[in-house]
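Have a look at this one.
Note that the chains are named A, B, C, D and E in the order they appear, and that numbering of residues resets to 1 at the start of each chain.
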Amino acid sequence: MSTQDDKAKEVSADGVAGPIILFFILGLAASLVFGWIIFPKLLYSQKKQPIDFNHVLHVEAVEEGCESCHFFREDGSFSGIPKLEQCVDCHEDAQGEDPNEIKFVEEYVANGREVPWLVYARQPDCVFFSHAAHVKKAEMDCGTCHGHIGESEHSRVYEENRITGYSRDIWGKNISGLKKHTWERMKMDDCAECHATKEIGTDVETLPWPINWLPRPYEKQTGNQARVKTVKEACFVCHK
Amino acid sequence: MDSALIPEGVKRCSFGKFALGIIIVGGVLLWGVYAMLLVWLKGLNQTNMNDFYGFALWIWADLGVIALGGGAFFTGLLRYVIGKDELKNIINCAVLIGFICYSSALLILAIDIGQPLRGWFIFWHANVHSMLTEVAFCLSCYFAVLTIEYIPLILENRQLNKVPFFHNLAHNMHEVMAIFAATGAFLSFFHQGSLGGVAGVLYGRPFAVREGIFIWPWTFFLFTWSAAAYGPCFTLFVTRLMEKITGKKLVKQNVINLLAKISGWTMGTYIIAKIIDTWYWAAATAPALGLNLIDFYSNNPFYGIWILIAEIVVCGVIPAAILLTPKGRSNSTLLFTAVSLACIGVLINRWVMVLQVMAVPVMTFENWVMYIPSWQEVATTILPVAYGVILVMISFRYLPIFPQERELNP
Amino acid sequence: MKIGRRSFLSFVVGGAAGTAITPLPWKLTDDSSIWSQNWPWTPVPPDGEYSQSDSVCTLCPGGCGITVRKVDDRVVKIEGMKGHPINDGGLCLMGLSGLQLLYGPTRVKTPLKRVGKRGEGKWEKISWDEAISEVTKKLADIRSNGESHAVGSIVDSESGTVPNLFKRFLTAYGSPNFMTMPSIQDSYGMTLQLMHGVSAQAGFDAENADFILSFGSGIIDGWGSPVRMFKANSAWKANGKKVVQIEPRLSNTAAKSDKWIPIKPGTEAALALGLANVIITNSLDSKKISQSTGFESFKKLVQNEYSTDKVSKITGINSATIVSLAKNFARASKPLAICGKGQGSIPGNLNEFMAVHALNALVGNINEDGGVWAVTETDYIKWPELEMDSVAESGMQKERIDGAGSEYPHAKSLLNRLAEVINSGDGSLEVIFVSGANPLYSMPDSKAMKTAFDSIPFVVSFSSYMDETAGNADLILPNHVYLERYEDVPTLAGLSKPIVGLTRPVVKPQFNTKHVGDVVMLIAKALGGGMADAFPWESYEACLKETLGVKWDVLVKKGFEFNGDKCILEGDFNFYPEAMKSLSNFSPVSVEGSVISYPLILIPYDSIRLANGYIGDPPFAIKAVEDTVLKDKNSCVEINPKTGKELGLTEGRYAFLHTPRGKAKVKVHLYEGIMPGIVALPRGLGHTAYDKYLAGKGCNFNELIGPTEDPVSGLDAAWGIRARLTKV
Amino acid sequence: MFPFSFEWIWDVGHMVFMGGLWYALTIIGLGMTYCILKSVIDTMQGKGGHHH
Amino acid sequence: MKEEGKHKKAKKYGMVINLDECTGCGACMVACMAENNVPFKEDESNKLDSIAWMRVYKLTNGKSYPEADICYLPRPCMHCEGDHGHSPCVSVCPATATDYSHETGIVSQIYTRCFGCRYCMGACPYHARYFNWWDPVWPEGSTKYLSPNVSPRMRGVVEKCSFCFHRYQLAMDKAYFEGRTELEEDEYQTSCTQACPAGAITFGDLNNPEHKVHQLAKPDNKHGGRPGNPNVFRLLERLGTNPKVYYMSSREWVRRAGDNYLDNEDFAKNYRR
């Protein structure tokens, strides 16, 4: 056996190195193409919204910006995507010739059927998210998490992860999981970016810690809801 | 038929006999695998565990095999770090047993969790305050070390060793084995201890809680010490058993004597510590919580005071006494009795530290709850035993486990 | 060849290296990790807009106000209505699990016609039109044969619009056989009839009483309006009021009382009369009572027949206890005595009710704070006078099949007699309607009731659920459940302040069901003629609106109408001759069975965690039942450890429980809180119908006991039966 | 598990236990890498193939 | 960042259950099941595998007829703080699936993080933790009443009472919407508290002297929160779990049943250590 191996080694040293490197590169290239281009296409299914919605048009027509349609109810809960009931205020009859408008009025308004909108920002069931805490208390902009959706003229394609069933917006458009803006990803780490690091309105008492250059080990909570930074003990803040 | 694979200069039974043995034990193994699949597919409702018995047979089996497999780390420590060179003649056997025990433990853990696919959370989202995290860390790392210790042994197979790379690898691994062994001993110290800590930190369970040192309860040290004491006994037990089955002397008496003596000393000191711990618990810890010692051993059909006596006296003091006397060590029957009793003793200890902890009522208006494992639990617990037997059979047949075998059986 | 193999290997190595620097492995790991945390088969309840709606619970006669919590059009929770005069936010476990009845698997989803044998469970789904014409045809035939009185109905109570629609229907049709489910209300009603000469129900100002003497009433086991009684009980505790409980078993009520006095079962009336004797003898009675008619003969009766020693012998309570109890009771400033065992589903011995009522009268607490008041019958049902045709008139002339009004002149309905009358051939029915009741389960000797039903050719059930009676019907015309319909809920259960509630459709009907009121009217209209004229309303809702008149708006707005005024018990209390005659003939009700073959006595006990009427326990409620009540598929019987020792039965052993009426396999639970020689079995188990969460669990007490007719009222007075326990 | 996870805290517990874990993993990883590399080199130098 | 003096005290939500008033009716159990999407199965008579976040125990005084007495004791999760700052279950969870919030004093349980090792169940002396031995199955149509505020659990994870934490979240939402950051006492009440027909359960912030729970229990925070009211006790006080559920009873045998005592021990003297 060893003798055969020796022979093979000699052969490879002579003239087979070329093909080996070639095949190595071929394999490398193929996997790169598959991993970066084909895989994302296979991973996500593409779904169209039932109605192509023009945010620009609506934002112009309403007075209070996002909150005109995406408002808080009196119990502090957030309405999310409007119900038919709110749309009907203006869209009892078709306004204009747009086929989407006609489809909306004929299929949904006329039958009193809710539009099965696909929610780009839908979080899994284990997540508790309070719009009130973020928008009312912390006075954050919708765009911080939702981006420039209010400036869109058409509904984007909704991409659903075939394994998890999540919207692609959760992982982010960038398949490598990198993001440039706060609204490009909505995973736990992204929430944690504020909750674990930003000491906005902190209400904690840092325990004595002798070594100043080392990060502080543990912060004792003394206050209440006022702060953003959540330490290890705060799972229930975002989970249910 | 497979003679080319059998180490040079030793005799082995016919292949047919060997294959028959494998098939029989393999049948048992398959039964266990079937039960394991049932548990994985249908969930833990296949067991007789319940909300009172969150830990039961499997965790006992886990603790048990790890204690018995403790021979590997302690013998390794003695051989590579302390430098008891004679032990090289039994270290392979200890490593093999250790490998079997630890791989079994990991397998049982993987069956025992409710969501096996999330098992890796114990690393990824580790809570460093949990004894179980410590267990998982050390257990998996030490298993890696044992694998590293076992690999050269495999590579020493007659055919494999012919491959230059394998030969070199085996050689090079032997060269640095002391570092691995030291790491292993370090890891083992912690995980044997943390397994003890698993019960010891349960301050809500008066049967388990034992006052501690720093962050570790007494059980931490007791478990490490007992594994060091009883683990080698299991190595001796298996060796003796193999000698009986094969009808050959495999290890020289001086090696066995040495290991038995060391084991006797560790066991003797351990049992003293254990008695002190039990006494303190019975006299101080439990009464402070409003409980008498006898409360833990009465009003139920199984857990009587006999179990405490069996663990400490019959399977602790007696084997320690035998192993500590030269006469006892040299008498093969007495020695075998002692190591057998010791193995039973450590298994009883692990049993009570898992199951009796769960059985004892803590709230005054609750009752003792007894538990009988389901067949699926039993089968999955026997599964590693069958797997171990098979691995021992194969290893003994094809690998030079006992370096002295050729010399002792010319 | 060699090059190929090596090239392939290098291709694979290149691929592996490349893959490692693509997102593929990392993203897949992450996604599968997420997948393993949110399994697709675990339901995800959709979120939406939260809203609330007030209504009334009808699962028992308690009449609690409820607030349902909704998410969009789903009801996700039922809670007690805050500020409701009965329950003020609290709610019992049945009320809380009501959604399991609304959405649960036990609903009858569409009209069903039997196709297999009775009770076989083979049904054909039919349309409402078919269903109604089926009934109409049958009824028209019977009526044209002049047999109109052979149609009967069984409903849950006699108050409210729905029972009255049934009554009106039968009257217009020509049948007097309007029957209701029995309860202690019947006995209380008759007591007031005989002692006050009025038709009324007893109401108790329990909250304000300061000494409550309960003759086995399950104050916190579901007696009266349960949540109201819980609240009263808490108020007593908080204000140091005294409760004395008299019964052979340490029930929850007994355990929570200040004093539990075990008594030989069935001798409660004797004790009440004995207490009366002590009170009168010690001149602790109110002055007013001595002026009442017949007081002297009552005095003579109790002094001659109910001396303390004699009562002590009868009841098994020592004399000193009796004397001190009587004195403490009479000396309390607001004493109140109540009776009706357990939850009050068995009317009981009339003398016991009269004796207890006499105790109240003796201490002068009638129409006083903390005393006995009245509950007036609902006054809002003022429908136009019926014009009966000749068939109706001749049908109404006929005697009722159960003998109420004839054999037993004071009784309004004696459903307990129905089975015997039919089974002995003394009477028969052609058609029976059952609405809001489950007599095949909840009537004593339910097996006999089933035999009787088997001989009725046409059984129509209006049940919303597949209960035992529905399961044995020929036709099921499913009603909406209370969360899907409007209906008035007058609450009578012992409340001194009258209250009317309104259930409302908090959700759209989930299935193809119809309001029973609408169905009754549709049948009447289809029958035509005078029948149609008797129901001039367009629909049940129209009828209800018109009936309630001005009340409607209040009810829709608030969910209940309540003015807080107590209702005066009219008619002065007197020991009228008829009552005295009955009392002087009193002897403890003996139970069925011989002492020799049945050395023990079996009594039932009620638990608030077990529904034993029309509604069966929903899954949450049955889950809350203790394992000393129901274990695996067996009911547990409670026996004293002494009895257990005598019989060689230990905790958890299986045993056979024999009574003259039946046999059941039970589990033994040794309980120090029960009198030796007594066996106690929970009521509410042993269903054979409903869903898998309830059916087949435990045994039905009603299969082990038979009714005992009270000699005066004709109502069922059976409080137990003789029994034997044998090892399995 | 890693210091860059937001769940990570620089406290004694993490330093002791995670330190222990990473220490062990490093030893095992480096040790095995060393053995394998050395064996590859040894093999390429022609060692190990002489004893038969 | 540290604005001393402006700090409000952290909340410590807890419960006082009046055992004199508790009737053992089980409404709290069902109110909890209905609120928290607790699953049920065909046979629930084996209480060793029957999930009941709130369980009502029946206590007996051990005496013979007719001196026998019973008392019911509802047992939610005790949300132990622990004398040494760690509750028995939190510190043992290997995957940080349960934690103790110093903000509210509530012990959480994150079902998607839990992988079902059941160590926490072994650690809890109150048996307040339950394992999902089966996948939850709701009968057809019955998923309609599931609440969106609590996520249904899957097989193989541990669950327990959360003091209806989602109600706190919803109340906070409302408060934020109205521009507040503090809750009124009645804004956050657990489902069992609300449902109890006898009004035996009181819930609120033990740190807030204005709350009824504080007034009833009079907790002494300097000594592990032990009750100042002589009729109030906690379960297994001696273990040092520092639970936040207090019980109130006028009967000594009931108070004594709350913990283990040696036969010769002077209960009156020792019951609060």
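Annotations for the structure displayed:
The rule is simple: contacts are C-beta pairs under 8 Å (C-beta built on N, C-alpha and C of every residue); 3 or more make two chains touch, one makes a residue touch a chain.
Here the structure is a predicted model, which is why all the values come from computation and not from measurement.
The fewest steps needed to get from subunit C to subunit D, moving only between touching chains, is 2. Of the two chain pairs shown, A-C and A-D, the one joined by more C-beta contacts is A-C. Ranking every chain by how far its Cα centroid lies from the centroid of subunit C, the top place goes to D. A simple rule picks the central chain: find each chain's mean C-alpha point, then take the one closest to the mean of all protein C-alpha atoms, which gives E. Look at where the CA atoms of subunit D average out and do the same for subunit E: the two points lie 47 Å apart.
With each centre defined as the average position of its C-alpha atoms, the distance from subunit A to subunit E rounds to 36 Å. In this assembly, the C-alpha centroid of subunit B lies 39 Å from the C-alpha centroid of subunit E. Annotation for subunit C: residues touching 2 or more other chains are 32, 37-38, 42, 44-45, 47. Chain contacts: subunit A has residues 2, 75, 77, 124-126, 232 touching two or more partner chains.
Touching two or more other chains at once are residues 7, 49 of subunit D. The touching residues of subunit C, counted against subunit A in their complex, run 2-3, 6-8, 10-19, 21-24, 26-28, 30-32, 34-35, 37-38, 40, 42, 44-45, 47, 49-50. On the side of subunit C, the complex with subunit E involves touching residues 37-39, 41-48, 71, 74-80, 87, 89-93, 96-97, 99-100, 102-105, 220, 226-227, 230-231, 233-234, 237-238, 250, 252, 255-256, 260, 262, 510, 608-609, 619-628, 630-633, 640-642, 671-676, 691-693, 697. Across the complex, subunit A meets subunit D through its residues 2, 188-189, 192-193, 195-197, 214-218, 231-232. Contact residues on subunit A toward subunit E in their complex (touch as defined above): 72, 74-77, 124-126, 128, 130-133, 136-137, 199, 202-203, 205-206, 220-226, 232-237, 239-240. Subunit B makes touch with subunit E in their complex at residues 43-45, 49-55, 112-116, 118-119, 121-122, 125-127, 129-133, 136, 198, 201-206, 287-292, 295, 357-358, 362-366, 369.
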